[in-house]
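Next, two complexes with chain A in common: one pairs it with chain B, the other with chain C.
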Partner chain A sequence: MNTKMTRRTFLKAAGGFAAAAALPVGLVEVARGQKPGDKFTFAYISDSHITQIKGSEFVRNFDNGLKKAVLEVNFMDPQPDFVVFGGDLAQLGKKEEFEHGLEMMKDLTVPVKWVTGEHDYYLDLGKYWQEKMAPLYYSFNHKGVHFVVLNSILTDDDWMYKRWPTPEERMLQMARLDNPDGSPFMVKGEQRAWLKKDLEKIGAQTPLIVLSHSPLYKIFKPWNFWTDDAEQVQTILKPFKNVTVLHGHVHQVLYNQIGNIAFKAFMATAWPWPYPLTYSQLPNMMPVITVPMNRADPFKERDGTGWGYIQYNGGLSYTHELWENSPRVVKKDPKMNRPGDTQYQSPAKRIPPQKHY
Partner chain B sequence: MPPIPVPQDNPQSPEKIDLGKRLFEDKRFSADGTVSCATCHDPGKAFADGLPTAEGIRKLRGTRNSPTVANAAYYEIQFWDGRKPSLEEQAKDPFLNPIEHGLTSHAPIIQTIQKDTSYPGQFRTVFGVEPKDITIDHVVKAIASFERTLVFGDSPFDRYLYGGDKTAISESAIRGLEIYRTKGRCQDCHTIGQTNATFTDNKFHNVGVGFKRIQPKVMQIANAFRRAKQEGKDIDKAVLGDQEVSELGRFVVTLRPSDIGGFKTPTLRNIAVTAPYMHDGSLQTLEEVIELYDKGGEGNPFLDSGIRPLNLTAQEKADLLALMNSLTSPQFSNIIPLKKKE
Partner chain C sequence: MRKLLSLSILLGLAMIGLTMLIAYADPFTEADLKKWNEAFRAVVKEGDSLFHSSKLGKNSVSCDMCHPNASNSHPETYPKFQKQLGKVVGLRDMINWCIQNPLEGNPLPADESKMIALEAYITYERRGVKLEPGKH
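Take a look at the complex of A and B:
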């Protein structure tokens, strides 16, 4: 690193310029977006898993992922209207991890819509989150689209409040994959009742985007690629003509369509997860329409990670900024009436896996 | 060496190659009659120029190191930032760059060819065209055909690894090859294959060289370029005429922030005789290049995620250097490498 200008000061300098440089085009976008249903863009950063080693020492690789995403969102021209943070800012929900993550996030030149993840939640059950980031669930309207943020990573009261001797132990248990003592994610009754009431305010034709951390459908329970009361949530969303659920948690390219609802996951900035398909001992419900991403090359620590942005123009188009790879764009395939990769959806157009090592 | 990729619409022929060589060396295709392709891609300097950055008409200096044309036919994409897809398309640009050949259009080239005593006959033989029908596309096809003959392998390294001659390179270079493939992390980009080696992955990487020139205002520079490009600004002129735009690297083609400061992995063949190094020619010796990679490149927010500190020992660095010195083809072995400055 250049000693005269540290990364931090550089990011600040660069951030300042972004605001200045992007201003004219940004204003044009706002002016055009005055009437409802007009087009707009927002970015999506997720699963940074900022991990404290000890004291002021953090896992460098994960820091670099979040910093890179923030820097690249700031480079967007025109600027997005806002950034959704898809959850799991911290690894073990520690105050130090939140503070360190927020220090990087505050370089963003646009506002943040926060979605909480289980790694943010199970130490203090959302106390820090609600004080410094956002409520655990809320809704807002943006240019004719109704957005709902859900806390989809709740679980049984017994598990949350009684099972574990300390909050630290509870957090560690929830952070484990393939955990026989784990417990599945849920939205739970109170929030479902709130959701129902919130949606009473809008018409069935209003475009609806639901932001959750876990997928609001069921893929693979041992890794919590799963929301246990997903069907009940889907039923509440059923009357709406244009529903999309955007989520994090799975750290991979993933999309699905169930009835009227399109589902789309975004990358982590920290590391990629494998697909449940690769764990052949147990059945999974991996969506068949998803064209999987390639295996990450461990030589390049940013391979398999990235961020994305969503363009709303009546329909939604999702662009994955896949580091060390070409971008992938997924949008609604009008013939199939479901999301599809604009380049690789047809099996003939896919890049075959490497067979020679 | 792998077989040379030849595009279907430009097959090789001996007459075309001869014509291409003549065009490559013809200085009349420049604003003041002083510059040919061979000026910066000098056969006597392993088809490079030995200068940090290219020198065109009236001693005007460009922003980038002239890459050797030796083995350039193996690149899947041309120029340091990959702004052209083929040797043919690449060859069109330097003629029109104000600090290279300095012409304002390709027309004077065609006129010179038409008026020449022997070019019209050569073009008729090669392409079956009459003088009035000669275009720049014929010219660059011939040049590219000539460049496809500039294939230089058969280095001591090739004889060792692919020729079965276990004594072709020194013990130090043999150790260097092991480091190259493991701790040195060279292999992932400068690819050595099972049966042949081009020493490139044909990808673009930010190793931080030259980035400090733009670091304080990189976003301003990037956004200004983005607008200029949208308004139709010529990339070739912007890149070679403006040091700051030059340092944006691959970004000028893709406009992706993650491509800022990314430059194509150059081949390592004949590396010992094609100093100075890096896209801006800022490193004089291979020792300096090895030091750069050993420290993990020049830190910057866009640094390639495969670049990291290596902690090589002095012996390991010397072994890598010995390997680099074994990559020179016999045709260039008379060229004296630059020595490290004391």
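Take a look at the complex of A and C:
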């Protein structure tokens, strides 16, 4: 059973302009399904970086981003089947930040699938997360699609357990993106073994969606746009015909295709990050197929941030709700067999703000 | 005796002249270069630390959170017409804008050593990129 409702038909039903003015976001055409193989939609919210200043004071800007995303997902009609939270709910992994973030997240009217980020992890190594949100890695099936959640932000044992005098210092060090004393992200052996075993249960034709915080490929090591054992994870995913990795961490529109695997990132609700190509001192491996999002206007606090939703209809379509820009839609280009922007992919169609330097 | 005295005065004057010549010719040495570079690098380092400090503003947000390695700050394009301000501004005006807005702090005086340090770090991270004042 499919229910379709466009912005226009909804607005008519809701009584015209008064309702239109009150709505915070364009309502979206949502694909839904009831049985395996049907269409469905899920939303993606990520990288909220809720930051405690002191006591009950939190950074207003970042609170506003998460609140706006929750509100807009709740306004989706019909509702998505669930929301993926892509990691980095907190800035420094503090209980106060998690509690404040959960206060906002609890307003969501649909269930949440949690993915942990490094900002959630490196204070207590996932203790709070596992108690209140979810296991660090797990899998589930939804309407014929197999979903796997990985904790891709682990790193080597020495850095994790021995290098820093206190958990707070370890957290601060990992929280700094351009840290020369940082350490590369990894999925590590234990999870790779689990992943292999988990995938034994499903056939090669089953659509597979892997949810991780860091990209499960290599873009730019100095900022950890990188997973060190990415190739080993990609090898485990190789037998499957239809694999997608959805990730956060990079705070930007980013997509790639490596062999059988499509990779897709969404924006943060907190702030946008530059593309690695804008750092002139070091080379990067930014995917050439990505059409960058517009350069953000710092005077517009929510520019370059937002959330997204994914429609599954055999293939996947990704819509980015960029708050100060028109939405961007990326889906598989059947001719090229890789993701492409539905409006801007052709070099002739690109616009000046998409040029980053 | 008088001859000897005038010779000494002449010699003395010549020596002063020679010293002045040395002082004004400014032939700096490798050691000078090293010293000046060290002084510059110390200021870059101070700027690096301010750029990554949660104490520069008042809400614990730091510059590097939006600008890792000072990227996307485009120092080579300043001064330029900043469309949001409706006038031509310098890099330091944007540094202060960021301190006052995302960092919710107080602006720095333009000649304050912290401002010089921030400019030094930002431009050093952009070294080698050609100057393009006014570019958007």
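Assume the second predicted complex is superposed on the first by the 319 of 357 C-alpha atoms of A that agree within 3 Å, B and C clash if a C-alpha of one lies under 4 Å from a C-alpha of the other, contacts with A are read in each partner's own complex, and residues count from 1 in each chain.
We adopt the following convention: a contact is a pair of C-beta atoms (placed from the backbone, for glycine too) under 8 Å apart; a residue touches a chain by one contact, two chains touch by 3 or more.
The structure presented is a predicted model; accordingly, all values stated were derived computationally and were not measured.
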Subject >> Which superposed partner A:193 touches (first chain B, second chain C, both, neither) >> reply: neither
Original post:
Once the shared chain is lined up, is A:321 touching chain B (first), chain C (second), both, or neither of them?
Top reply: first
Original post:
Which partner does A:273 reach: the first (chain B), the second (chain C), both, or neither?
Top reply: second
**OP:** Based on the superposed arrangement, let me know which partner A:223 touches: chain B (first), chain C (second), both, or neither?
**Re:** second
**OP:** Answer with first, second, both or neither: which of chain B and chain C does A:299 touch in the superposed model?
**Re:** both
**OP:** Examine A:77 and indicate which partner it touches, taking first as chain B and second as chain C; both and neither are also allowed.
**Re:** first
**OP:** Tell me which partner A:64 touches in the superposition: chain B (first), chain C (second), both or neither.
**Re:** first
**OP:** Report for A:176: first if it touches chain B alone, second if chain C alone, otherwise both or neither.
**Re:** second
**OP:** Could you give the residue numbers on chain A that contact chain B in one complex and chain C in the other?
**Re:** 297, 299
**OP:** Can you check the complex and tell me which residues of chain B touch chain A?
**Re:** 185, 188, 212, 215-220, 222-224, 226, 256-258, 298-301, 304-306
Original post:
In their shared complex, at which residues does chain C touch chain A?
Top reply: 52, 59-61, 64-69, 71-72, 74, 84, 97-98, 101-102, 125-129
Original post:
What part of chain A is in contact with chain C in the complex they form?
Top reply: 51-53, 59-61, 176-178, 222-223, 271-274, 278-281, 295, 297-299, 356-357
**OP:** Spell out the residues on chain A that touch chain B in their complex, using ranges where they run on.
**Re:** 1-2, 5, 7, 10-11, 13-14, 17-18, 21-22, 64, 67-68, 71-72, 74-75, 77, 297, 299-303, 321, 323-324, 327
